[in-house]
Structure formats: C-alpha cells, structure tokens
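I've put the structures underneath this note.
In the two assemblies presented below, subunit A is common to both, partnered first by subunit B and then by subunit C.
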Partner chain A sequence: MIIREFGVRHGRKVLAAAAPLRRGQQQCLRALSTETSGTPVATADPAVEAALQTNPENPSPVPSLFARDWETAQQLRRNLMPVGTKVEHRYSPNDVFRNPPGPKDVTLELLMASQAHMGHHASVWNPANARYIFGIREGIHIISLEQTAAHLRRAARVVEEVAYHGGLILFVGTRPGQTQIVTQAARLAKACHLFTKWTPGTITNSDKILPGIPVEIVDELDRPVGPAFNQHLMDRRALVPDLVVCLNPLENFTMLRECSQANVPTIGIIDTNTEPTWVTYAIPANDDSLRCLAVIGSVLGRAGEQGQKRRMEDAKNGKVTWETPSEIKQFMEIQQKRARWSKRAAEEEAAATSGGGGPNGQSSTTPPKSSDRSYGRTPSTNRDGTPIFHADEALAELQMEVDLVNAEEDVSPQLRNTPRRGD
Partner chain B sequence: MVRGPAQRQIRPARVYQTVTTLMEHRIKPRLAVQQPVWYKVVESIPPSEILTRPFPPQHKQPNPRARKASRLFQPQKLVYKEDELRKKFYTDHPWELARPRMIIEMDGKDALRCDWSKGLRQPGMLLSGECVVQRQMYLMENVPGITEDGAYDQVRKEFYKLRQEEEIERRIAQEEARMVGAYFGQTFQQVGMQLEDQQFERWKRWATREIEKIQGEQTAAYTSFDATEDPDTGDLDVDSLREDLEATANIPPVSK
Partner chain C sequence: MASTQRAVSPGAALLRSSRLFSMPSPIAPPPGYMSQATKHKSETATAAFPTHLTVTTPSASRMVGDWGFKRPLPLKTTTKSTFPLVRVKKVDSIEHVTDFQSASDHTITLEKFREMNMSFSVPVPKEMMLNPTLISVFEDGRDFTTPAPSNLKGAMGPRSDGDPLKLRWKFRGPWLAGMTDGEFDRYISKSVRARRSEFRQFLRERLAAQKTADRNSSIAEQDLNTPQTAIPAVKAEEITEEDLLEYTRGLRGDRHELFNLVSKFLDLAPVSNADSALAPGMLGHYMPDKKYDLYRDSPYAADGPPITHPSAGLSYLRTQNFMENHPLYGPQQKHASIKARIVTPRFGVTNQNPKIGVNGFIANIPAVETSFSNRRRNDSSAVSSRDAIPGLNDFDPSQLGGSKVYVQVQTANVDATGKVQLRLLDRDPETDIVQKETVGEFDTFAHAVKEASQPTPKFQVPSGERKYMPNRKFGSAPNYGLGGSSLRDF
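Presenting the complex of A and B:
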C-alpha cells in the first residue's frame, strides 16, 4: 500500500512537471489516486498545482506518454546503475560460444572446470583406456587431463593441417544438445556438420543414398569456377570427407566403421567406457558433459579456422596447397582432347571450303558452332576453347549439411551444396 | 540401451599404412590411386599408441609386507588429506549437506582466488563446509604446533559465529521487508500441510460415498428379504425400519 501510494504521488508530480495535462488525464489521475488510497493526496507543490489547473480550452501539444515514459525509465536506469550490488561476471554456458577458445587457450584448469576429467563408473570401463585414466575417485574413473590436453592439441593440429590442405571436414554430434557445438565448429572451420542420425551407407552406399547431390567446383581462392564443369558434375559421385570429427562415438559406430572402410581418418572423444580403437585420433574426455564438448568442439573449430586462413593466405601468394582430384583431371584431359579435335576439324573444314591450305589466322577465327554441331557433346561454354582450361586447380567440394528447412522426409541428411560462407 | 561388448577395430589406426599399400601395390598398374588430402598430415602427425597396458599412476604407498603384487595394472583410488577432514565435518554437521551449493567452476582458477589465511569468508564462494575444510587445512599446514583437532575446533567456532551472523542478518532483513509491506506467502511446511489436507478431504469424500453405497446395498438386500419372506410387511413402518437399519448398519435386524 505504501509503495503504491508513493508511486502515484510521484507519478503525478512527474506528469505534472513534464507537461500541462488535459482534462481527461486529470480525471485519470484523480481516479487513480482515489482508488489506491482513501486519504486525499495533497499536492503541496505550487508548480504542480498550477500545471494541473491549466486552462483546458487551449491545451498545448503533448508528447506521447509512451516515449516520455521510456525516457524517464532510461533516466532512472542511468541514475540507478551504480547503486546497489556490483554484479560480477560469472560462468555462463554461452561464454564458450561467444568467445570460443582456440588450441592456444587449452589449459588443464579450463579442462577441469569444464569437467573433462570425469569418466564413467569404474565397473563399466573399457580396459583399452587404461592409459588415459589417472585414478578412481568416488567410484568413477578420473581421466588424466594431461593426456586429454596432449591428445586435444594433436587433434587440433590434424584438423588445422587438413583444413590447410583443402580437405573436407565433417563434425558429427548426434546427441541432444550437441547441435550448437557442432554447427559452431563447422562454421569456424568452414566444414560440414551432422547433428541428426547418420544414415547407414552414406559413404559405402552413397550412389543409392545420395544420388545426384549438388557439388560445386571452386578454384584455389574458393571462387566458383562456373558452368564449365556442369557436365562433369552431372555424373560425379558423392564425395567422401577427408576428416571426420565425432563427438559421440558410442552412438556412431556405423559411421566410424564406414569411415574406416573408406580409409577416412577420424577424431573421436573417448570416454572411459568407449572403445578407443574405433577412431584414428582419440581425445580422452568426458563425452557426457556438454560444456566439455563445447570446449573441445570450439578448439577444433578454431584450429580449422586457422588452417583455412593459412590456406587462403598462401593461395593469395600463389601457393596452392592441394592437388586437383583425379576425376577432374581426367575430365579436363578429355575436354582438352575434344577441343583439339574440334579445332582440327574446323581447320579441315575451312581448308575444304576455301579450296586449299588456309592460313592459321583464318582457322582461329572460325566460329565454334560448326564444332558444336560436329561433336554434339562439347560443352556450350567452350566458346574459344580456352576458358575452361584455366581452372587447373579446381576443388570439388561436398557440403554435407542437414538442411533443416527442406528436410521433409527427415530420414537422411540431405547433401547439398551451400554457398561459401565469408568470414 | 543394451550394447554388446565393444568390437576392436584395427583399420582406423592403420589408415595411413592401408593407403600407402594401396598406392604402392596396384593390382592394375595403370589405375593410379591418388594421394588423399590427409596423407601427408597423418604421416607427420601419427596417431598415438593405443592398446598398451601401462603401469598406472600410483597414489598410495606400496605395502612392504605384501608378498605378491595385486591389481598391478588397475587404476588406483585417489585419496587426499582433506577427505578425512571433510568426512569428520559432515558427520558432525549433517544438515550442512542440505544447503544449496555452487559446484560450477568459472575458469578452473577459482581456488587461486581464495586466501584461507584471511578467514572463512572468501570472494565468490558461499559459506559452507568446504570453507571449514580448506581453512583447517591451511591452519594445519601453516600454524606451527597446531593439531588437527585444535585447528578443527578453532575453525568450527569461527564457522558457527559466521552462521549466526547470517541467521541474524536474514531475520532482520525479513523484518524490515515485512515492515515496509512485503509478505512472503506460505512456507514449504505450510504448503505441504495444505496439500496433505486436500488429500485427506478427498479421501473423506470418497469414503463417505463408499459407506453410503454399502449401506444402500445392505438396505436393499434386507428390504427384498423382507418382501420375499414376509408378505405382510405392509403393517410395519418401513421408514422407521430403514432409519434403524442405517443407524446400525452392521447389526443385522432382528426378524419379526
């Protein structure tokens, strides 16, 4: 009651001081004051009285109440900000997403604070993990954080180098809550992510599972090459990632098995009950703590980011760190042969029409339409035979991404091509 | 989810060797296997050694009189000096365990911000049994000639004083708030009692209904018994009889 009356009294004063009121507002105020308290609210301030008893015949223009209230609230906030308890920044689960730590920031303290050291109950351990275990505490195995840090740095180096060599990296985390971790790591490393079920056979039976997935061919500066390779892309098989990072190997045995069959190195987070031989590079850590996974994911993502950055810098200086895939090389050789043949055919045709050996200049100016007609399968973009052969370093990229918007069937991760995301 | 025993895999760790073999020994000599992107990377950063059984970190003194090694390759229990102190404190003050406690660490360096020479109150930490244990450890290690029990007694008394201060502060804050018009609703006890009362009332309604039902059945049985056995019940006052029956539901009425 006291507080309410206090508010009314001061609200009345503020309103009166801010601008002269109209008749309706006066009534409102009076009603408000009589409702809250039986005692009459006395306005001792002569300025307030004068403002309340303004002549209603010629009301002055009044700014909107809403804006004025907002301004008052802002003023109040500015004045009251330094008053009261000083709020310190404490831990927030989103810190790791706002400012993702990189490989340089990995410390044993950080790993311990993110609960990377907690394994499973000693009875469910996998003895293959004995070398990662520090001891038993309260019945659970404690993972040695020195091992965790060492293996994490090693894995980060692998991610960075694979990104530097233009490899395709896939981050997989299919447990609930891992979506944000996986997507952030993929965004940092310009990689792909998967946070729904891995469709069995996506690698080993990709011709059936992923028929006709869109693939983009880019050059060393990650610019799309254009329509010159459209014909090649039409009968291109689905690509296989060059490195797979799995946050929960226990649930993704099928995927890891397919990766091993396709000779793809894998990085996995190995808890004390997980089989460490399923992955190439194990990171012994607690795979049940989302905080720990977020730290590890962001470290690997940052490593990939660093690798991509180095790659782009080298590409700008003219150093290309990867080879053209053999399928594209083969396609380009065939195209070169075809261009040579068409050129020769055009020359012969020109010679036949001119009735003798024509000069070189004439053959070069021959319109390519005739060659198109004679061969039929030459790419339409091959206007003068030269432009497509400039794409000597072409990289086929598969962007395996679960399309949340278009995933209507919701069964298989759709493989689609996404535009390169800029930094 | 029930899982079978984990299957060992040999291919993931040997991916480099596999691809090297593929590249070097071709069944079809003209079919060249291209070097994978990761090949040089895995060559320069090989996977770590696995499936070896190391001698685990030792956390206890070996028994000199033991005649043969036991559990040589199994991880050992981690035992710290604070464990005993903690156990003793919480045995003496079991209700301290019922207080809420912050277990999330900020960046792992939280322990470095505490200075136990200055007392039990530390920045960013609520007063709890852990403060007592840490302060006691500090005293035991830094004060010459202090025993474990002596340190415990000293810290315990500091702790009681601080808890008392907290209680008084809380009570006064409550009084002040009440004075300016705050009210705090019902306590947990009151809420619990209210819920229990509601359940009792529900049960009472249900029981009354059941009793009425049984009584009705009994009444119906006796009236029909009377109707078949004794045709001249018209002489009797049925209403008074029914009232009697209802009053003494369990006692069978004496036949006329």
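Presenting the complex of A and C:
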C-alpha cells in the first residue's frame, strides 16, 4: 500500500528522467498508478508531470532528476555523516593486504593478535629453540613475543639494507595460501618471489636449470641500458639472490642448503619444531598461521620498500650504494680494448691508404657504437668480486637478470644485472 | 593485592590476558555406563553436557579459516554451518593437526533451553510426584556446600522437612548407593582405613557429649536449683578405653545411630532410608528407650547428588511463576507450549514409555495419568491417547520429519550423571492452539467459522457400546425440540 505508492512515485520519477518516453512506458506508468489503493499520488515536481504529459513525437529537454537526486542524497549524507553513531574500523582479514604494516608497526599486540606466539605441540619441539620459548599452554609451546618482535625488527633491518645496497631479494613461501603473502612482499620490496616448488639445484646447478633466462642491465636509476650488452648477456651465468626470505623453512630445506653453499644469507620463520641453524637470521614465530605470515611478510616487504626508496633517493643525488659486478667490468674492459684497437687499426689503415698499406683483419669485428653512453668509460672496481643484484617485482619464480648502472655519468659508469621486466 | 603481584614482562602480561590463555581446561566427561557391553552406546550421540569451551569467530575471519588458533581450520568443514561454533580439543597435536569438531550441538541446545525460560528446582521425591512443591535450587536453604552455621539457619526455616545438613548438594564423601563393589573396596582401603584413630577420637567426643547430656538431665531431675552450667562438661580425654569399647559395642547393635555417625564423620552423600531404617520391618533395629531424629529423605538420596551445581549454570531463574502476555488474548494462564518431537513411540522396537525430545533434551512422559498415558480415559469424551496424540503410540511414517507434540514443561533438574531432566505436564489444548496460531500452524478464526457453519448432527440414542463421535454437540436448539422436526427422530 504505502510501499507500493512510494514505489510508484519513485518509479515515475525514474522513468520520467529517462525521457523521451515511449508509448509503452507511459502505459506502464499508468498501470502502476492504477494498481494503487486509490490514494492520490502527489507529484510534487512539475518537471515530472511535464515529462509524463509530453508527446513522444516532440520531446522537450528534461533535467536529469536522477543525477539531481543523487547529488542531494550525497549532500545529505555528507551533512549527516558526523551525526549519530560513530563508526569504528573493525578488524578485517584483508587489512594486512590493504594497508600492510611496516617495521614501525610491529608491536607485541599485533604479533599476539596474529597468533605469532603459538608454537607446536610440546612433544615435537626442537630444543635449539628453547631460548625463544616462553612456556607451555594448552599443550603447545608459547613463543616469547619479545623474542619474535626483536628478531623480526632485526630481519627487517637486514632486508632494508640489502635492498638499499641493490641486492636481489627472493621471498619464498611454498605452502598453500602463502601466494598472496609472498607476492605482496615481493611487490613492495621490488624483489622476486617463489610460491611453487623450489627446483633442487636452482643455485648449485643453475647452468643446467636456468639456461637462457632473460636478464637485462640497468643503470643506477633502474633504467635499462640498451642493447649494448647483449653479447655479454648471452654468455652470462644465471643470477644468485643476495638474500632469501623463507616463510616455511621446514619444506625448503634443500633451498636453504643451497643458499648456505652459495654463501647467500637467509631469513626464515622458525617455529618450535624447526632447526634454527638452517637460516642465517631466524624469526621465531608461528609458521602455520597465514595471518602471522602475512604480518611478517608485509613487515619485511615494507622494509625492502623503504630500502629501495632510500637507494633511489641517493642515486638521484649522485650517490651509488653498490659496485659494478666484476664480469661486467671485465666485459667493458675488453670492449674498450677492442674499441682502441679498431680505432688504431683504422688509423693505420688510413695512414697505409695514404701511404699505400692494406686493411687490418681487426676491422671485421663489430665495434660498439660510440653513441652508447656505456662505452668508452672506465668502470669502477668491484668490491668483493661478487655481483650485487637487484630484484624486480614483476618476475615470477626465479628469473634472474642483470643490470648495469652508471654511478656518476661523467666519472665512471656503474652497471648492474637485473631480471628483465616483463619476462 | 595488585602490589603483591610479581611484575612480568609486557609480553607475558599480554599473553596472560590473551584469549588462548583464558580458555578453561576441559572438565571431566560424563560418567559412562558401568558395563559397556550390555548398554547401547552411540558414538555420535550428543554428550550429556559439554566439556570444552565453544569458540566462535567473525564471518570474515571464518571465510579464511582464522579461528584464532595455531593454524587456519579447514574451510570445507567449518564454513557450512549457519553459526560458526567449534570446540578445539587440541590446539596442536603430534600429527601437526588441530583437533576440533563442531560445537553446534551443545551451544544451540543451550540457546533453545534459554528460550524456554526454565527454572531449576530441587528434585521431587516420588511420593510427591502428583502435586509437587517446587523449590528453586537457588534458595538459601538449599544452595550451600559447607555446613556453616549461617547456612544452617536458612535451611532450618519454617519448612524444614529434612536434616538441614543433608539438604546440601555437595558432599565430601561418596554416594554409597551408586558405587560398585570395586569402587567401594577402593574407597574403604584408600580413604577410610587410614582414618581409624581419627574416628575413635570422633566417637570419644560424641560419647563425652552424650555423657554430659545424661549427667545434666539426671542432675536436673534430682535438683532443679542447680544450674547446669556449674557442672563442668565431660571432656573427650576423660573417656577411658573401656568406656569407648562399651560404646562401640553398643553402636554395633544400633545400625541407625552407627550409620548416622559414620556418614557424619565421612560426610557421605545421603542415601535413601525408605528401604532400611524407616521401614516397618526394620523397627527391630532401633534401641528401646532412645530418641532418634528421623527425617525425610534428602532430595538427592534417591538418585545421588548432582555432579555440578544443581542448576548446572543453564538457568538462573528461580521460578516459573510469571505470566506471559499474548497480543490478542491478553495474559495467559500457562506458558506457551513447546513443540517437541516424539523420539521413541510407545510400541516401537521395544515396548517402553515413549520419549519426548524437548528442545534437544529427552524427557519422559508424566508419571501420573495424563493424555500421554496409554489407558483410555474414563471421562465423557472417551478420547484415548492413541487418538489424542498421533505418533505417540505407534511410529507414523506419513509424518515428514517425525511426529510432533506440543508439551508443557513444568521444571528441570540435573541428575547425578549431569543430565538435564525435564518434568512434563499434561497438555493444555487451548495453550497449544494459541501457540500454534502464533507460529502460523493454525487459523483459529477459520476454524471457528468452519465449526459454526457445520450443521448440528442429529442426536442419537446411545445403543449398546458408546462410540466416539467427533463433532457431536448436545444442547442445541433442535435437540430441545425448538427447531421443528427433530422430534420425529426420536
């Protein structure tokens, strides 16, 4: 009754707004109004009436009441928003993905709420974790929240500094449900991620496992250098990460073993049944709760993001925090030598031509383009001989890349290997 | 108190206030049958009472399996029920799984029980079944566990119909009538035997008190002027071994007194004295010329004291004596009827009393003669229960979901095994109709119109056996000869 008339009023308005009306719609409106209980329906708006009376052959322009009503409703909503009940934000499981907490947000409350303190059944513990364990409750070991927080902050610091120094970080979480966590952390930290099985030998036997993985060379501002290094990239070996973050070390023992053989530092979430010496930096926490893993992953991801941000700012100010890998330097030296030789050969040929001499065999090699900014400059020395790698977000699995960076354009170039974007 | 607490680390303080730490440890499961082989026991049957805490979670968290425990619970089993209710038996096990199951059974039953507005009362003895006086388990004289003087004062009120000490619901000693032989032997050897010397001292004190009383009474008889307080009381140390031996021998012949002393010493739960001391054939056990305090049975003597508080925490109402109001019909004399299942009909697989399932609790039909009874009623309506309650006597396969009956519940109590026992009353057709109309199962107005529009059946002279005739009406106008041609029918 009342509801129906209400509907009729509004239905007429809506239909009227969609002017010009066709004959069928008018009939529809009429039918709607005859169905009511007979109470006269007040049409306050003359525009509506006009629209209803309009001959469909010559429609008159009608203002969009729909839009006006919507504007009015929005205005009303804005005015009434502060009135009445205060709507508070309640916990939602997606909060950690919508607004990922960073290292600054790590509190004991957050860790406890995300079930970081729940260890395993007391009988399956690894005694090496005794220093992280607070006690036993409900049959499970309780991990000390202070220990978790301290170790998590330390690990975040490690991630941040590795990212600051242009290292290649890899986030690994191979249990079901960890995909989103790992990809988010990698996206934040511009790192690589792995959420499927670690192929054994990816580090120790990378020449067989990862042949021909696309790699590119970027400069200090992460800009691709160009095709000048294609020849180098063709016989370049696959990259090795500089830091591996593992959410489930128990299942990834092989990977951690390979990392330790290749001197790659690792960060791992160590539950009470896991061996803490498998990883370089342990974070004692619950590795079964996805909520806990999401918090830890986002904290580490945010730390990496912070490190990348600092690195880019410093690069803009002309400060480069890493050094060119020795292979690239070597390649560049060779290229420079070849350039010198070919130049000399050309000069000699010119002299011979002028003096009657023949062409040199060296001229058949392709010289690098002199216009390329990477050439003809003295590369800086590498610090420890190992390349410092830089992670890229868009790379699934372990696609290694290289990048080349010019530290100071005018003095010496710095070039870096990076996994190529989009591959 | 706060100042004496040890200072703890912030993490420890947080953990102490956490929900995981505030989970109560599970209580003991309901006592099983003494001989499992002879009883039918269902693995899937709902236990008599819950033993674990029920845990719930917000819907958004349930969709990702987050119940606040070590690991997400599997979505396949936890997202199908309407209400998220789970009991966790083990947060983590050796097999690395969380041991949990649905807790809907007990939680929803509790919800339904609360809708009944039921109050718990002290069990009513059998001889008072017909017209019981219901006493709430929360009355001062009943709701106490220690024999403190202040408690006894309430118990000794105007209507003290038993030994006030025995009106308690909790006793330190066991209920002897419910013990098996083995349990009894174990109790004697473990708990009782070691207290021999203590019992002797107890007897000494009793004997001293008795001697004092005897001496006082004899003095009072001889000389009325001597105040009794002037004579010092006999002390327990003054009782010699010979006196005690003599007293013990006397007790051996006086079973009633001996049992009273033993049960007081061991604080035994009361046992029924209907079969022993008070029975007429047992009068020979009483000593001549001696005063005995004979009390009626404790309410818990027949079936043993409850293992919890007699309300079991299910309801804190003291009485059912409040009136419900109906929006149309006004205040109702009786509470709304409750739709109940007929779980076991009378003549089913076994011939036994039918069982009624009321809101998840199994109830027996009333012990007195009601419409639930099998026998034909002798009143004029001559309606047998077979007709009154379809499905009560025989299983009715045509009823979808089983036969139902509207019942009135009078009160509830918790028995010795922790089960809730409901006391049903006879049905009240009017109340049933009101409730049926409320829930949309019955249209009173249409029914009245239909009844009024039906022609009045002809009156027939009863010949031979009286038959049940539905819709028979007496006293209408034609029957009295006012309607015209009805006289011809005679």
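Going forward, the second predicted complex is superposed on the first by the 266 of 423 C-alpha atoms of A that agree within 3 Å, B and C clash if a C-alpha of one lies under 4 Å from a C-alpha of the other, contacts with A are read in each partner's own complex, and residues count from 1 in each chain.
By our rule, contacts are C-beta pairs under 8 Å (C-beta built on N, C-alpha and C of every residue); 3 or more make two chains touch, one makes a residue touch a chain.
All of these numbers come straight from a predicted model, not from anything done at the bench.
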item	value
Partner chain in contact with A:146 - subunit B first, subunit C second, else both or neither	second
Touched partner set for A:280, first subunit B, second subunit C, both or neither	first
Partner chain in contact with A:134 - subunit B first, subunit C second, else both or neither	both
Partner chain(s) touched by A:326 [first = subunit B, second = subunit C, both, neither]	first
Touching partner for A:121 - first (subunit B), second (subunit C), both, neither	second
First (subunit B), second (subunit C), both or neither touched by A:158	first
A:112 touches, of subunit B and subunit C: first, second, both or neither?	both
Which of subunit B and subunit C A:264 touches, first, second, both or neither	first
Partner chain(s) touched by A:88 [first = subunit B, second = subunit C, both, neither]	first
Touching both subunit C and subunit B, counted on subunit A across the two superposed complexes	91, 108-109, 112, 134, 137, 142, 144
Contacting residues of subunit A [partner subunit B, same complex]	1-3, 88, 90-91, 107-114, 122, 126-128, 130-131, 133-137, 141-142, 144, 151, 154, 157-158, 161-162, 165-168, 242-243, 250, 256-257, 259-261, 263-266, 274-282, 322-323, 325-326
List of subunit C residues in touch with subunit A within their complex	9-12, 14-15, 18, 20-21, 23, 58, 60-61, 63-66, 68-72, 90-94, 96
Interfacial residue positions of subunit B with respect to subunit A in the complex	3, 6-13, 15-16, 18-19, 22, 32, 34-38, 40-42, 44-45, 47-54, 56-57, 59, 73-78, 104-110, 124, 180-181
Of all residues in subunit A, those that touch subunit C in their complex	91-94, 108-109, 112, 115, 117-121, 123-124, 134, 137-140, 142, 144-146, 149, 177, 286, 288-291
